[in-house]
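Consider the two complexes below, in which chain A is the common component and chain B and chain C are the respective partners.
And then the complex of A and B:
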């Protein structure tokens, strides 16, 4: 028995060994990749690090072509004579064309290889992907850092969802909720990529519809996945003067009443006023008026966004999850995205001013 | 001795016993009832003091006091040659009266000892600044000074046929576990060596297992440490002419306790004790972790850090293991050299070795700057242990881990850790479990290991070990 144990321990050493070794100096870090698909052929742009001199880290881009992500990587490897290491992948950009196929099937390798990182961010870009990969002068930072920082900041401000590869995969697999990814556009001058909002997916693939940044902020609130700062601005008319009012959502609750073919979504929002030059927030009447005004405006905006979601047949808010759980007859009516598009969804927002800053 | 022998031939024959050493003094002195022979080594006994003592004894004998020979410093017994030899070699003065055939011994050795100073390898900030010296009597006196109790038992025995070394063990009768004392006695009595040169040799005989890197006896030169330990029921072993004491049974965690903990504030003491235990893990695992990281698992690095690591390792010609060995070797050489260097130039060489060569070796591109940070951090962490023995143990331990990491990555470290802990669990100090309050788990003493708790809270008598059956051979319940 003792001998057997000794032998099995000795053999266990053979299970792993130097052949697993991956010396870091023999790899090159790839923090940013972009994929495009044209007529079935995949084109991958890899931004990788090169150390030209001690203390000098710079980035280059190499293009690979092939049928799959892995083959594209091998093709690129051959061109630069170094092994690309995807374990530090931070941002994956995909073209609109590419997003119209199931991303999960394309990025199978990310889940299959243990070294790969599932916390990479995903984003959809408009047009040719090549132009997004190069560092432009306006960026200031290297391309990978630029995208990473922009996506992180935007997620903190609730403009885009904080979705990485891992969460995207659960959303793609979940029939009750649709994926929406950050949508990046070239600026009008063509100099700098800009975060334009979100790309809406419908049943695993990109629907072709996008929302701008204000609308995507509302989707994030509807889905109750706000970032750290959620700020709205409206113009308030008082007499013949307009005052801008900026409010931040402090806390809010949602309540969905789901009936047959109708969903009443009620949101109670507690706001803290960040900017309001008209002042007099100690006056109850002003506050009441303001609350009514904000409730009306927000209800209007929220409903508009719901309409757009229904147009795109994209349930990014995730009504489907609740429906599937508590209203099976509604869920079983057919494909959820179709049912969702036909539903009568009405959002009501009740705003309440809870904080008014330190002025009063 | 024959009465026929004249005094002169007696002197000659005594000188013969000691092989005519020139520092041996054998003189005839006149006494009330005739002559006597005074015999001592003038190198280890003060001659002037001998004269004074003899004068006192002479007065007492003239005054015809009963038992005039027995005073606080002297005693009378029947003469035998072995007694004479033993007394003289130990620095006593022997006065031989041939006619009643008696031997009078005056206890007054004056060996050269240094004054008590703070031991340089166990410095503390608060607490006593005295240390043991190379005399067992002075050392015991340092302990008795702190422990005015009749319970404090001092026992000695002589070991080594050639060196005739006095070995003393000290314990507190009412607290110490009788089984432990018995075990120490048995082990000491079973030492059969012709020469006993140092405490390390005795430690070899007393240890449960010689082949482990972990010390099972706590070596200390601080009286306060010994006192605190014997108050917990441990036994301390001294050797004459050695400025250190061995304390057992100890646990692994005893080596991480310092008198500073108990003299400082509760929170501060707890913090530093935790820090020391953390530093054990840093010292053993940090280089292995770094090697595994750069050789096997770079994907666990955060993105920002991965760029720095990439920059650092890009132009290094060696694999991480070789790189680590170069710096480790370098630091060990500096450390070994600075011990031997004379005090005035020691720091200079340390600076030249550490800073200048350390900087140059990175600039030359032989090793990465991260590796220098890792190894330097490890070296400093290993010196946090308030005990020299454990410090060397920790320094040795990290090499097998580095090897395992370079072969198998984190898997190797995991297997190595497993083996290390199995090994530690199998260790014992005087048959008591080495990882005691943790394994076997003892909740009442567990928190004492990681925190220095306030004094007034502990009501029970502190004992290091709860009694249990002695360790079974081949592992098993302890």
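And then the complex of A and C:
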């Protein structure tokens, strides 16, 4: 009897974890969600997987309403009679209105519950969220795959920052840098969502300002967070003819000199020429002229972007991190976003052609 | 109970007990108390730790426990193990097993210790070896966070206030817990093996770098607001990492940490029972079982967050009594007696 009791106790230990098992058959995976807020009420659009035929997955969308993300989820559960599971969430879309509140507070549940994924991508969309949740013929892919693929490709090409939910929370909590998220618009035909650039945040909330794709690429360069490929295109005039030139940044260095209320940001950029029909890149004079042209154009564009960031009071580059660390007098002048907007920031880009491809 | 320790066994035992449960719980309260300069403060704490080790090394011969002091220490170690078990069980419930009955989890943790302590002394002594590859894997996987750290987070240096110094030094004591085992087992180390000098310094540096790394990583990775929200920053950091071969890296290391805590519980229990057997030589099996029953039952009263936090705060003050005050008194009295 004693032995039996001991064996039973020992065996009960093997059951540890059984209480907490999470079987796929009991949950419905949600890879894409979209949230909108109107008059304090949250509306959530959940794209979830259904098995339409053996070995075939399809997606449906269910809408839930409530005061919080969790309540919205419960409302959606009731409507479809299944339990939605957010542990495999790939993309979260939020409306502009929603982004004007602190996202960290709204998405508290993502951080509090350990099985939620923090590597999901986050994006702001223009207008009403409902139209972005349905698959259109133009998309070619199911909506969750479409958004994930587009966001990943754009991040690889430095057009948007490679920011996930966790990185977004770090930026929201950091007083020395502002968040910027991919900004998606519906195409003019209204058939396909397009990545339009980035939405700029100021002091934890969406500022209402956006940057287009070329400008957001520059922010990524300024912050030294480029993706795998960073390409710029310009038109170079030579005599009466115009030649397009496309260069890719091979590598670059940044140096910020911060003194008084002024920041001199110097960037030395080594470029690889990808497209230049004028050729003659073996001619020192041409190379020099081209380098001067690129330095001037890039400097002009980079400064334009800085002005836009200052207008939006959004330090997406993260000058504030350096200021907080090494220039406390400037940091302590007041709220950083206000100080940043008033700073005299001058960017200088020095371009150098490092590679010309396999042609001269 | 007769056994002899090699130098490596001795230091490994000490290292596991000192890092065991506190490794995950240490960085957040310490960084919150000391602020951005926590890393600087830890260097000062480490100097104090080394001085304490040198003091122990010089006087361990005088640290002999009578029945009264021995009962005090047994009570202290019981308190330490209960705090550890309550903390690890609460953390496991929050991170991995919210629905599993908590007595089952504690039962599993304690059963290993019961088995090891009913077996020969070598079983408990050699158990830490099991952890060496796991700890190395843990440190290796923390390197995934390297790309996300913000180096400037430690600047500006030297902003720490007097209150932060004081609070930080106190919280820093969490990393010292278990150091008194040095006095208990030092005399059991093979006399042919040298401890003084370089070996002790190497141990000190290993302990220091281990905790220092955790403090630096916490400051670099989290903003001051972020670290206030996350009680287990290293576990959270692992949770945020995306790897292709496993969905939740944090769970994998939660289990490693659980094993780490099991070994710590085994070693502290082994120490308490070893000290107990020096004065109570009979009915050793009964006493071992009673000890482990207490370990299963008592933590069940402290499984709320509020209680766990209270124990984690209280243990610092209790530790100061048993790592500094009592050893100093015992050594002082015994030195006088021997003169």
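By definition in this document, the second predicted complex is superposed on the first by the 343 of 360 C-alpha atoms of A that agree within 3 Å, B and C clash if a C-alpha of one lies under 4 Å from a C-alpha of the other, contacts with A are read in each partner's own complex, and residues count from 1 in each chain.
The definition used in the following text is that a contact is a pair of C-beta atoms (placed from the backbone, for glycine too) under 8 Å apart; a residue touches a chain by one contact, two chains touch by 3 or more.
Note that the structure is predicted; figures quoted are calculated from it, not measured.
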| item | value |
| --- | --- |
| Touched partner set for A:54, first chain B, second chain C, both or neither | first |
| First (chain B), second (chain C), both or neither touched by A:115 | both |
| First, second, both or neither for A:166, with chain B first and chain C second | second |
| Partner chain(s) touched by A:4 [first = chain B, second = chain C, both, neither] | neither |
| Chain B versus chain C as contact partner of A:85, first or second or both or neither | first |
| Chain B versus chain C as contact partner of A:31, first or second or both or neither | first |
| Chain B versus chain C as contact partner of A:23, first or second or both or neither | first |
| Common interface positions of chain A, toward chain B and toward chain C | 12-13, 15-18, 20, 87, 115, 117 |
| Complex interface listing, chain A residues touching chain B | 12-13, 15-18, 20-25, 27, 29, 31, 49, 51, 54-55, 57, 85, 87-88, 90, 115-117, 148 |
| Touching residues (chain side chain A, partner chain C) in the complex | 9-10, 12-13, 15-20, 87, 111, 114-115, 117-119, 164, 166-167, 169-170, 173-175, 321-322, 324-326, 328 |
| Chain A partner contacts - residues on chain B that touch it in the complex | 294-299, 301, 303, 306-307, 309-311, 313-316, 319-320, 365, 407-409, 411, 415 |
| Parts of chain C lying in touch with chain A, wherever the complex brings them together | 94-101, 104-105, 107-108, 111, 148, 150, 152-153, 155-156, 222-223, 225-226, 229, 239-240, 242, 247-248, 250 |
